[in-house]
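When the chains are written out, they are named A, B, C and D in that same order, and each has its own residue count from 1.
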Amino acid sequence: MPPSEHELRLRERLGRLRSLPLLGGARISGELERLQRQIARIGEEATDEEIWRKVELARHDDRPYTLDYVERLLDDWFELHGDRALGDDGAMIAGLGKLEGRTVVLVGQQKGRDIHERASRRFGMPNPEGYRKAWHAMELADRHGFPVISLVDTPGAYPGVVAEQHGQGAAIARSQAVMARLTVPAVACVIGEGGSGGAIALALADRVLMQENAIYSVISPEGCAAILWRDAGQAKKAAAAFRPDAVHCLELGVVDEIVPEPHGGAHIDHDMAARLLGHALRESLAELDGIPGDDLRRRRRARFRSLGVFA
Amino acid sequence: MPPSEHELRLRERLGRLRSLPLLGGARISGELERLQRQIARIGEEATDEEIWRKVELARHDDRPYTLDYVERLLDDWFELHGDRALGDDGAMIAGLGKLEGRTVVLVGQQKGRDIHERASRRFGMPNPEGYRKAWHAMELADRHGFPVISLVDTPGAYPGVVAEQHGQGAAIARSQAVMARLTVPAVACVIGEGGSGGAIALALADRVLMQENAIYSVISPEGCAAILWRDAGQAKKAAAAFRPDAVHCLELGVVDEIVPEPHGGAHIDHDMAARLLGHALRESLAELDGIPGDDLRRRRRARFRSLGVFA
Amino acid sequence: MAKIDVSVETDDQPSPPPSHPNTCPSCHSHYRDDELERSLWVCEQCGHHFPMRARPRIASLVDPGSFTEEATDLHSEDPLGFFDLRPYTERLAEAEMKTGLADALVIGRAAIEGRQCELAVMDFAFMGGSMGSVVGEKLSRACDAAAEAGMPLIAVTSSGGARMQEGILALMQLPKTVAAVEDLHDSGNALLCVMAHPTTGGVLASFATLGDVVLAEPNALMSFAGPRVVQEITREKLPDDFGRAEQNLRYGQIDAIVPRPELRPTLSRLLRLFDAPE
Amino acid sequence: MAKIDVSVETDDQPSPPPSHPNTCPSCHSHYRDDELERSLWVCEQCGHHFPMRARPRIASLVDPGSFTEEATDLHSEDPLGFFDLRPYTERLAEAEMKTGLADALVIGRAAIEGRQCELAVMDFAFMGGSMGSVVGEKLSRACDAAAEAGMPLIAVTSSGGARMQEGILALMQLPKTVAAVEDLHDSGNALLCVMAHPTTGGVLASFATLGDVVLAEPNALMSFAGPRVVQEITREKLPDDFGRAEQNLRYGQIDAIVPRPELRPTLSRLLRLFDAPE
């Protein structure tokens, strides 16, 4: 498809976007402009090939993980461990740190870098203990007025027998409920795989960002393909159908902003990726500064309550 | 000892009581009067034999347990199960019911009546799951403005390996913290054994009642004897030393009121015991009616913060 | 480690289909339609709970004539232009034809034994009870209606999870309904949840588990990941009652298992306890 | 089932006494007093943490000269006229003689690397670090002092539990300190807990586990019931690290295990994070 046709479709979408109820509620017109600029920056809608390339990049073995950003963005990092009930889930990180001199609580799923760490961190798929650890940390943030930053990077919550026994579904629900109650600013960013319920558990935030090559989806391409065509190999086709890429999520109003990555992807240059992410996080936090807690909470809920398309 | 001497000692104690810091804080002078009446009603200080008799009565196999009172005092009882994390502890009861037309949340330890039930309810010794179930129910009460009634009857929290792994100490602390935060009226009554931390977990209430033949202690007589004399058989001597009986607890300001039992003890007549308890609970709740939630909480904390004797 | 996500199973069948929908999959007793209707779709031989459609469910719970349906006009859009084996729009039309419902959730005002409440009942027959934008919106509106009227919301769930065909917007119905439930809670009104077989994926991971009181029907599957997915990923043998109501009760996840014939009196009692208006 | 209660063990010895207090019970290295003092009472061979008294603990944590002790005048009464092998008053006098402390807790204002905080440090040598009315009152006052000054409270615990000799009033120090911590939390200030060996019974079951951040020293015993009692009641073989800091970390009960030499920089970092005034 020639670029001009893409451009046309994009403009048309943006036009639709303006009138859709999903942009009602808390969103203000200034944001539409930013959104427009962002779409213009990204330039054109991704082809099926490009979408699949993003799926690959989002899962790239060398992609920076939560702790890679922690290391580069936060001073005085102090990791909190344990859910005060049952365990300490390596698939979830929670802690306190200084972001440019300001204390924040950071939570996020953590994938492993080597074979051993991958197993111990369960490939970034949290158990209920992990979500409980995260909400414990977020409640600490709320008590002390610290903003919450959440970095989302998970194929999904862990589908284990014990995870189910310990209430995986309820843990994800409760984690969202805790975020819906926060009276401190919360900014989420999808930094890799934003896989389904396991991801949304950490993403009920005031601002939801998404890195350029991250994906965010209701189901993995493989899972979708397995259900629709009984063939996980059709993942590429599935990804093309539901388009988990950042531009599409931005167009739908699911994310508020796309965070640029270094040319070629975040894995090429972790330091640069961290600088770009840090800039976006600080900008988002600055926008939320000074808004009273009750207002934050009301707008945050309204933002999510406005999502959906129906007639 | 002749009654007159008892009387003297009692009066003297009451006199001391008036000036002690432990009666400062939230307590008001009207309460001192009630206290005085109560001491007068009980008449005289218990002898060592009488104290031991109360220990036996408090542990009597036929003594009414939490569910015996629930059955007799609450309409529309609906038991809540589970801690939403890990398990459903039979040693702890939690539920909703109507006390004379008013919805309350009731929590309490539950001993077993027969061999099988005793094992499944762990002799009324809760695991952390039990305390978590109780605080979940109390948080529900707080959300909906229902008063909390807690019935305390436990030899202590369960001293098990798994209980420790799952944070027994923290669960007891957290349960107290939840009660310290409640903005609804809370009335506790020790109905049998008020054993140590396992008991206080449910007793950080606005009003703390105690049945005539209940005991309330920092350690069981056997435990105390085992530590002091390396001989659990010296329990009677230990009980005489720290006097876990209701009159003594009342004198110290640890409980606010003694709830009378049927002649001979609550086990003689469960119905009558329930009527007497019901009356006391309703009276205490009535006294707390109309006090704003923040005041309740402030006074409740002040009540407990005033306990202690030092120079 | 497979990259298969696990929160969504939108198959229309909660379990392997029995030879005939009126044959009990547990004891193989066979019933006529009117027999099942009379027994509230509970097998009189073995107690198996057959799936129950939304409208008969409502009729079985509420006082006759007391139900006023709300938000009947909401229909799904097709934001992705989604096409798998067939277009999503075609699936929607087919589901509407088959069920007589506009989507997988019916909401409205009702009374149970004289106590008023807001009611939200899912129907598994509509695309596996999957939650898309319409289900999310209706559940949210039900929360608001309950909050405004000062009465509890009773939600009866039966769902395979989020509706894949609406993509990421389906996932957004999780935080949407959670936010709505928190608004309901802030209003001081209760959410009472009843989970029917199956309640899995995104519905379990949002409003269904946030009830002040959480009930389940006997043997209802209530797992975030489906048994097949768990089996596939962990390669473990699953316990016999994996994810079932009984296991959930044992592990402290729910308050009670209530057989269908006791559901109306139980909810009535809860409405009295939560001071629902008469 | 024995009726033995389990929350209190006030033995003066946290573990079987070694042949000599300066001999490492783990690797049997022997140290001179000045060697131990220099190493913060940590065995340089094996890392074993010897018990550390309150005053050297404070000296090891705070900026030189920055500690101002508070509530030095509080002394225990004997509300029960308690007499076991000896009168409680005699035990108190003896403990005061032995330790030079008025009771098992020292509180005061301090600075750590330039950041101010309130500090509460227990001393196991004073009647097994047991918590009676004075410990409860001082901990409560420390909460208030931190709240009023707008700074975190750092509590370093080492305790066998509630002080039996004060009977039910000792038990009341649990809710008393919990209420004080909740007042501190409502003021928006943090409680930072450091559990040293052993922290058991009533202290574990009250303020020690309510910290915003909970640290422990390596191998510290942190169990509600003592190992002996658990063994006696359950008749099970206890795991090797029963109740130890390492087990508590694995089971999610604490945030970190911090070796003693790293405690000062760690607390300093936490004071920066919690915006303690300079």
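Odds and ends about this structure:
Throughout what follows, a residue touches a chain if its C-beta (ideal position, glycine included) is under 8 Å from a C-beta of that chain, and two chains touch if they have at least 3 such contacts.
Keep in mind it's a predicted model, so treat the numbers as computed, not measured.
Contact with both chain A and chain D is made by B. Counting C-beta pairs in contact across B-C and across A-C shows that the higher total falls to A-C.
The distance from the centre of chain A to the centre of chain B, with each centre set as the mean of the Cα atoms, comes to 48 Å. Chain centres here are Cα averages; for chain B and chain C they lie 41 Å apart. If you average the CA atoms of chain C and of chain D, the two centres end up 51 Å from each other. Chain C has its Cα centroid 28 Å from the Cα centroid of chain A.
Looking at chain B, residues 84-86, 166-167, 170, 174 sit in touch with two or more other chains. Listed for chain D are residues 251-253, each touching two or more other chains. The full set of touching chain pairs reads A-B, A-C, A-D, B-C, B-D. The touching residues of chain A, when paired with chain B in their complex, are 84-86, 128, 132, 166-167, 170, 174.
Interface residues of chain A facing chain C in the complex, by the touch rule stated above, are 22, 59, 118, 123, 155-157, 159-161, 163-170, 172-174, 176-177, 180-181, 195-201, 203-204, 216-220, 222-224, 226-229, 232, 241-244, 248-249, 252, 254, 300-302, 304-305, 307-311. Chain B makes touch with chain C in their complex at residues 76, 78-89, 96-98, 103, 129, 133, 140, 143-145. Interface residues of chain D, counted against chain B in their complex, comprise 1-11, 74-77, 79-80, 82-85, 132-134, 136-137, 140, 162, 164, 166-176, 178-183, 200-202, 204-210, 222-225, 229-230, 233-234, 236, 238-239, 242-243, 247-248, 251-253. Looking at the complex, you find that chain D touches chain A at residues 185, 188, 190, 212-213, 249-256, 266, 269-270, 272-275.
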